[in-house]
Each structure stands twice: as structure tokens, then as C-alpha cells.
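Each chain gets a letter, A, B, C and D, in the order it is written, and its residues are counted from 1.
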Amino acid sequence: MTVAVHTPYTVPIGFMDALQITVLILVAAGATAVVLIRRPVHQVLALSVYGVLLAVLFLVFQAPDVTLSEITVGAVALPVILLLTLAKIRKREE
Amino acid sequence: MDQLLALALAVPLLAAAAITAIGPLLGDRRRLLDGVAIAVAAATTVMLVVIMVRTAGGDQVYWFAGFRPARGVAIGIDFEAGSLSAGLAVLAALLVTAAMTFSWRYFERVATHYHTLMLTFLAGMTGFCLTGDIFDLFVWFELMGVSAYALTAYRPEERGPIQGALNFAITNSVGAYLSLSGIGLIYGRTGALNMAQIGVYIDRHPPDGLVAVAFLLIVSGLLIKSAIVPFHFWLADAHAVAPTPVCVLFSGVMVELGLYGIARVYWSMFGQALGHRAAISHIFVTLGVLTAVVGALFCFRERHIKRLLAFSTISHAGIFLTGIGLLTPLGLAGTAVYVIGHGLVKAALFLCTGVVLHRLGSVNETWLHGRGRHLRVTGVVFTLAGLGLADLPPFVTFVGKGYVDDSAWAHGLPWVMGLFLVCAVLTGGAVLRVAGGVFYGLGDAPSEDAEMAKMASEETSETESGKERTPLTMIVPSAVLVACAIALGFITRLGPLVQAAAIRFQDQAGYNATVLAGAHIAHPVAPAAAESTGITLSDVLAGAGSAAGALVLAFLALYWRRLPLLRRGYEPGAGLTAPIQRFQSGVVNDYVTWIVLGLACVGGVLALVVR
Amino acid sequence: MTPAQRRWVFGVAVAGLAAFYLWGLSGLPGFGNYPGPYGFVILHLAVKQTFATGIVSAVNFEYRGFDTVGEEFILFTAAAGTAVVLRVLRGERERSAVDEAADRDVPPTSGAVRMVALLFTGPVVVVGWWLTSHAQTNPSGGFQGGVVLATALILVYLAGEFLVFNRFSPVALTDAVEALGAGGFAAIGVAAVPLGLAYLSNYLPLGQFAGAVSSSGTIALISFFVGLEVGAAFILITGELLEQTLLIRQGDG
Amino acid sequence: MAYFPFVVVAWILCVGLYGIVTSRHLVHQIICLIVVQSSTYVLLLGVGYVTGAVAPYYFDVPVHTPAVDPVVQALALTDVVVEAAVTALLLSFAVQAHKRFGTVDPQELASLKG
């Protein structure tokens, strides 16, 4: 049971549902991939992709503000500091 | 509207920012920064004391940005200062002041960031105590956490602090996110974040899965913070390695804040809606008793003084959780008094340990045996604090412990009293054993296993050790704290006052009216007849008994090898913890596993109850 | 525990936790049926009360501005903590601060990358500034803007070298900017107190009409300070890590 | 559809916890903590969603058009900042752990501590 509101700007509900389900599945898969990938640099790249997926999810959840933060933080800033950390750690291993 | 409520938080935050900005410009004149930071902490203490005194006439509510609730819907964030919450904030600010005074001469060099971190830590604790909004609670919980993680790793040149900080940060972050999940659940049901409003809204439905799950998830982060078995593993790792003045705050008040959070969440939101009081009480008491016993056993076998004190804190956290979990005004009042007393004496014990580290360069009880004879004042303060920890009258700890015991008795749980007596004897005995061995050279040095020796020998670079004199700024704070703990024990009005505050704290309808309708509830109902407010003779006897027991145990432990009739080769306390020793593995992966398992078990029980 | 044991214990435990959590989640009103009232009340009041058309910013900087104070100080504390943990310790020497150091394992930046990075720096700064200054109207705000501004400096690093990065953001100055950002926010709040208003009250004129960049009083100002604090904090954290990676040579084992 | 987003929330949480428990690399473990936290964003935004409503911005739509809950979005924003802060601090610990211990396997740190 869904109580939907209607506005002149409403995307057709069926289309929105399909979009949301698709992105949710992608996000779930992305989270699983991030956890299961054990090679650090690859994992950071996966995290970056996961950040973009989350950002898209927030967009279809009608949260553009959070989308922007998730892109700037989750997909860019965090991977950068993670890669810097890995660079430091790998360098000392050599 | 009492502007002090906002200033008590804004002043330390502004000071933290100002110190960071100005600090590098001062160069070598860091004494100035020390002075400013101590003054700010002291000023915050004074402000909070004023707030606490004003709450005696009724709870104070402060709406940030002036958004008052309309028709029972809160649109802003509020501070709700009751006597208990303000009192706990006072304790936090007092201990921060003491710890910073102690640090004046303690560190070889203090970076400006030390003061920044201490002040943000203080602000986080104050906000956590006073807030009336569940998400705001999470925000201050995190500020407190982030400051605490950074302070734990304050000496990154050593292995212990880094590992302790990692375990601390990962376990507590997992807890915080679980709490946030609970907040999300409850928001999805009620569309509210104000705790009073949530309490009103969830009470409209019969208790169901969502309420039970949200309750446990929110509480889980707080259980981890307050080191309740099986969520406690991080605590000893972090306490043993954090700088000693920081340990004062960790043991003296941060753990207790977690417990305060549980009480706040229960009595402002879930108490009415969740129902099943007896079952909830049983869950809390079971966890509390388990924690008290495990902590006491680990405490007694420990030889690393800071770890020993940390385990004693775990044991006491168990007693506090039991006091809260009895769900009676007397139990809560007893816990409140006990928390204050424990905070004061535990802080003094850590500060004295800091003096020992400063002068002798070790916290290894075995190595230190007899080497602290010349630290007379420190020895006296440490011994007095140890007796206070063992609930000797007239220390205020005995008043609190007495109330908790009385409440347990009235609740039909006399065995809890007996068990807590054993715990107090064990933890007090361990501390007095240290006092007798280190400061008076009594008996023989306790033996140690290699593992512990290695751990204890790590404490080196924290302070420039081998100093000829103990600076006054290092010994005076601990002496003052112990004096406070004794003086409070003589204030006979303390008990009734705290009980009245506890009744008000547990009055959910009153809390709602105060926050949402601006009602002024001044006089709590009279205490129930079954629970007396006075200190009975049996309380005095129990307190004196546990202190005497602790003394006897300490002497037994020290003179064990000289006792002719006993089996030789057996070290007191050695076998006590062998079965559970390996759980304390130091591996954070294990700790998170135990957290998940503990949650699943408590959740299962809760599901059976609420279903 | 051995990894295998841990896996078993965790497997059992997480099954229990998941079942328990799903039990709670099933009590929610279905997805898309947010019941209110909090959000709906704010949607109803916000434009009238604050002249902001970005309601999320109105909540962040006004209705729940106090949370944001805490949030800014969490970031501030984390930056301070990072500086404490990664400070240059006794026994560690700073390597000569030349990027092309012998054991540098990052290949030198190619000309193309430098060019692209330089080209991007300007637009990124503009975007960051726009985001920071439009909190009250559009989906944006000091937080996103601050991160983007920090990214501009990271581009400077890509284009040039760490030395340039360092010259653009000397630690003491960044520290001061960060403190100004966090402290400025708290101070705007305190300024309401002598006016007899509650902490963080919006005491500035709200402007002529809703939706203008110059509207909504303290929201714009707070967004600016948040931008400063967030940008500086990220630059500090990145700088600390860069310094670790490029400059610090370990002296002790 | 009514509960699918919440199932995803539970899945992300559990997967993240699994990662933390089985991790052999501190950076991996920290990333898994990020995953655990990301479940809370999805939960928050999920409970505040209103089917058919617009985003809470009245810049280019008339005031009082039905919109989704702005409060959860503000909470999620705060949450993102907290995540960034905690991650940065944890990474600095990881860097130091690597210097002191020569390894970043959390399961080896304990035995090497002494």
C-alpha cells in the first residue's frame, strides 16, 4: 500500500519504482563488492564507484543535497585520502 | 531561558578554536595557553554548577535558535537540564579541570592540540548530558568519541597507543552507527527527534518489534561506550595506553556517560511504550552483574596499574548498570551518588599513578614494589582513594553503594548485594595491594607473567620520568578530589536531594510536560514508603565490611608466600580468569564479533519478551 | 579466536542480528509513506520563517543548526587529531622536500596531466564558491563547497608539486582558517546571546524576498564559515597525509 | 517495493560487519566501516521518502508543493561529515600502525604489541 502524492513535477510512479529498485540492487551489489574485494587499491576504486552509486540512489530518493556531498566526499575526497594512505603504506613495504 | 545552558557548551568550543588559531603564534610561551585552557575548563565547571543549583527548583529547558514547540511538535533542538544530567556534566567539567591542572607539569611538551582536544572532549560530554534531542545526542556522542580516539593516540611513537586507539575507535564507531540505525527506525515511526515527543508518539501504539529493535540498537552504542560485558573489550586496551590525565576522564566520567545515556533514553522515550518492566529490568541486571564480576576478576589478577584501574572501572560500570536497571528511584539515586564518588576517587587514583609514572618511570606493580616509599603524600592519597573505592564510610561511594544495595534488597535480589560485596572486596583489595606494595613496601613483590611485564614496561615516553620532586600541580588535584569524596559523604542532605532528582528523572510524563508544554514541575512526589532515604546501620556495616575485606585481601595477597600453611606456588588470583582470558585477545575483529553476538543474544531475549 | 572460529561465531550471530533488525524494520510504515510531522511542519514553515528556498539548508543551518555546530567541531577535532597523530616525531627526519626524490615510487606527473589539472583549477574554485554561497537557495551549501574548494588545492598538487601545495596552504595559516571557520560559526551563534535571543537565533535581516542569494540572514553567513572550516580541514588532512607520504623518512624502527 | 529499501539497508549493514570481522588489512577494515555507516544514509533517506513528492527546494517549484522530508536529508548530511572525520582519523592511526608494527593486519597487531 503506497499513499502517493501528485504534483505537476511528479515522475510517473511506475518509472520511479523501477528506477529506485534498479539502483537499490546496484547499491547492494556495490556494498558487497567493496567488502569482498581484498586488494586495497582495487577496493578504493570500488568504494569510489559505490560512492557514485549511492549518490545516484540519493538523487532518485529526491535528495540532491546529499547527492552532492556523497559525490564530493564518498566518490572523491575519501578515495583521495585512502589512496594517499595506501601510497604511504606500500612505499614502506618495498 | 537560561543563556548559561548554551554558553556552557559554546565557551569551551570557542576556546578550542581560539587556541588552535593563536597557539602557533605564541611559540614558547605555552604556559599562557595552559592557563587559558585551565581557566576555560574551570569557568565551564562554575557555569555548570550554577545550572545545577538552579535545576533544584525544576528542570530547565533551552530551545536553540528560539524555536519553541507548537502543539506538541518540536521543530528545533533543546537542552533539558535536570539535576542528574547537570550534576554529571559538573563532574565531567571538574575532572577535565583537574586533569588539565595535572598536565601543567606532566608532559615534556604539550602541543596546542592537546588543549583543543581536551576542550572539545569537554564540550562533547556537556552536550551529551544536557541535550533533549536524540540525533543531537548522537552528534555529541561522536564529538566525544573523536576527541577521545585522538587523545588515546596522543603518543603515536609507541605501539600500544596506536593499537588501543584503533580498537577503541572501530568498536565505538560500530556502536555509534548501530545507535544511528536505531534513531532512523524510531524516526521512521514517529517523525520526531525530540526525545519527549518520541516518548509521547511511540506510546500511542502497543509495543512491537520496531520499538524493541530501536531501543536495543540505540542502547547498543551506549553499552559499548560504557564497557558492559560482552561489549567491554576495547576499554582495557584504550585505558592502559592513553596518557594518564586522559584516563582520568575515560574512567571517571566517559564510561558513566554511556550509562547515563541509557537511563536518559529509557526514561524519556521507551519506558512507557516498551512496557515489560520486569523483563527489561532482568536483562539490565543480568548484564550488570556479569560485568561487575568479570571486571573484578580481571582487576585482581592485573599487575599493570593502569589496566588494573581500567578493569575496576568495568566492574563498577556493571554495578552502575544494575543500579539503573533496577528501575527504581532509589537504585538510580544510588547510582548517581556512586558515579560521583567513583569518579572522584578513580580520578585521584589515576592521577597518583601519573605521579608514580612521572617520578619512577613505570606502572608495573611488581617492578615498583617498595620503590615508592619516598612518595609519602602520593602514597597517602592513593591509599585513601583505594579505601574510598572499597566503599569505606564516610566516603560518598559508600552512600551510593548503600542505596543500590538497599534497592536490590527491596527488589528481592539479596544475592546481588552479596555479589557486589565480593566485587568491591576484589577491586578494592587489588588497589590496596598496589598501595601497600608500592608505597609501603609491604610483603613480597607479586609475581608476574612475561606478557604483563612486557605490557607494563611500555610506559616510557609519556612523561619525563625520574624527577626529583613532585610538582604541586600534580599532587594537589588528586588530594582535592579525595577530599571532595570524603566531604560529600558528610552532606546528609545529599541523599534526599538526589533521590528527589531521580524521581523527577524517572517521571516520563513530567519530562514530556516540561519539554513540550513548558510546564514547571518543582516538587517530586514523596519517595515510596518501601524505600527509605536514610543510611541504615546495615549500609554502614556493609561499607565498613567491604573496606575491611579489601584490606585483608590486600594483606593476604602481599604476604601470601610467607603464610606457612598454604599451598606454595599458587599465586592468588592466577586461576580466576584463565577460562575467559583468551577472549581479551586485543584483536578488533574478535571484539566486533562479540558485539554482534551480544546484540543477537540480548535481541533474542528482547524479542521473546516483547513479541 | 582463529579466523575460522570467528567466521562461525560471526555467521551465527549476524544471522540473529539480521533477523532482529528486519523485525524492527518491518514495523516501519512502507517506503514512500513518511508519516511526519517533523519534516512536513518544517516544509510548511521554512520559507515563511527563514526566506530560504533550500529547505535542507534551512534545517541544517537554522532549525537544527546546533547539530551542525557539533558536526563542524567533529571535523575540526578530527583534523586536530590527525595533526597530533601524524606529527613529525623525534627520530623522523623530513626528507629534502623535492618531489623527484630518489625513492619516490610515483612516476613524475606527465605534462598532459599538469595541463588538465591547471585548466580545471579555476572552474573548480568557481564551483566551490558558488556552492558555498548558494546554500539558502539551491541544493548546495558550505559543506559541499568546502570540499570542492579543497579539491582545487589537490589539483594544484597534481599540476605542480607538493612544495607548491605547501606554499598555497602553510599549516599554520590553514589551522587558523579552520579555527576561524569553526569558531566563526559558534561565534555567530553566541552573538545572539547579548541581543537577548537564544543561541544561534537568526538575528540578521532576512532580505527582500525568498530565494535571493542575499536573503535568509545568518544562513548565508553560517554557510560561508562552514565552507571555510570544511575546506581547511580537508586541506589539513590531505596535507598531513601527503607530508607523510612524500617527506617523512623513518629514523627509528 | 514497500520494504525492499529496508532489506537493502539490513544487507549493507551485515555485509559491512562481515568485512570488519574478516578483515586482514586496516585500510580494508576502515572501508568496511564506511560501508556500515552507508547503511544509515539509506535508512534515513528511505524513511523520509514520500512517493511522488519533489525534492525539498522551492527555488523553481511553487511553495507548498508536496516534498520529501528535508530533516532526514539534513541528518544524512551531518552523517556524511562524521564519516569523513572518523575515516580521516582512523587512516592516520593506520599510517602510524604501519610504521610501528610493520604490518597493517589487525589480527597481527595484538601479538606484536609488546
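Heads up, the rule we're going with is that a contact is a pair of C-beta atoms (placed from the backbone, for glycine too) under 8 Å apart; a residue touches a chain by one contact, two chains touch by 3 or more.
A quick note: this is a predicted structure, and the numbers were derived from the prediction, not measured.
By number of C-beta pairs in contact, B-D leads when A-C and B-D are compared.
Each chain gets a centre from the mean of its Cα atoms; for chain A and chain B, those two points are 38 Å apart. Each chain gets one centre point, the mean of its Cα atoms, and the points for chain A and chain C are 18 Å apart. For the pair chain B and chain D, the distance between C-alpha centroids works out to 28 Å.
Centre-to-centre separation of chain A and chain D, using mean CA positions: 10 Å. Residue positions 6, 10, 14, 17, 21, 25-26, 28, 30-34, 36, 38-40, 42, 54, 56, 64, 67, 71, 74, 77-78, 81-82, 85-86, 139, 141, 143, 234, 237, 241, 244, 250 of chain C each touch two or more of the other chains. Multi-chain contact residues of chain A, defined as those touching 2 or more other chains: 1-4, 63-65, 69, 73, 77, 81, 85, 88, 92.
The set of chain D residues touching two or more other chains comprises 1-2, 4-5, 9, 13, 17-18, 21-22, 39, 46-52, 55-57, 67-69, 71-73, 75, 77-78, 80-82, 84-86, 88-89, 91-96, 99, 107. Pairs of chains that satisfy the touch definition comprise A-C, A-D, B-C, B-D, C-D. Of all the residues in chain B, the ones that touch chain D in their complex are 135, 139, 142, 145-146, 149-150, 153, 156-160, 162-163, 165-166, 169-170, 173-174, 177, 180-181, 184-185, 187-188, 191, 193, 451, 454-455, 458, 585-589, 592-593, 596.
Contact residues on chain C toward chain B in their complex (touch as defined above): 1, 6, 9-10, 12-17, 20-21, 23-29, 34-42, 45, 62-67, 69-71, 73-74, 76-78, 80-87, 89-91, 172, 175-176, 178-180, 182-183, 186-187, 189-190, 192-193, 197-202, 252. Residues of chain C touching chain A in their complex: 30-33, 54, 56-57, 103, 105-106, 131, 139-141, 143-144, 147-148, 150-151, 154, 234, 237-238, 241-242, 244-245, 250. Those residues of chain D lying in contact with chain A across their complex are 1-2, 4-5, 8, 11-12, 15-16, 18-19, 24-25, 27-28, 30-32, 34-35, 38-39, 41-42, 45-46, 49-57, 61, 65-68, 73, 76-77, 80-81, 83-84, 87-88, 91, 94-95, 98-99, 102, 104.
Contact residues of chain C toward chain D in the complex are 3, 6-7, 10, 14, 17-18, 21-22, 25-26, 28, 30-34, 36, 38-40, 42-44, 46-47, 53-56, 58-60, 64, 67-68, 71-72, 74-75, 77-79, 81-82, 85-86, 137-139, 141, 143, 210-211, 230, 233-234, 237, 240-241, 244, 250.
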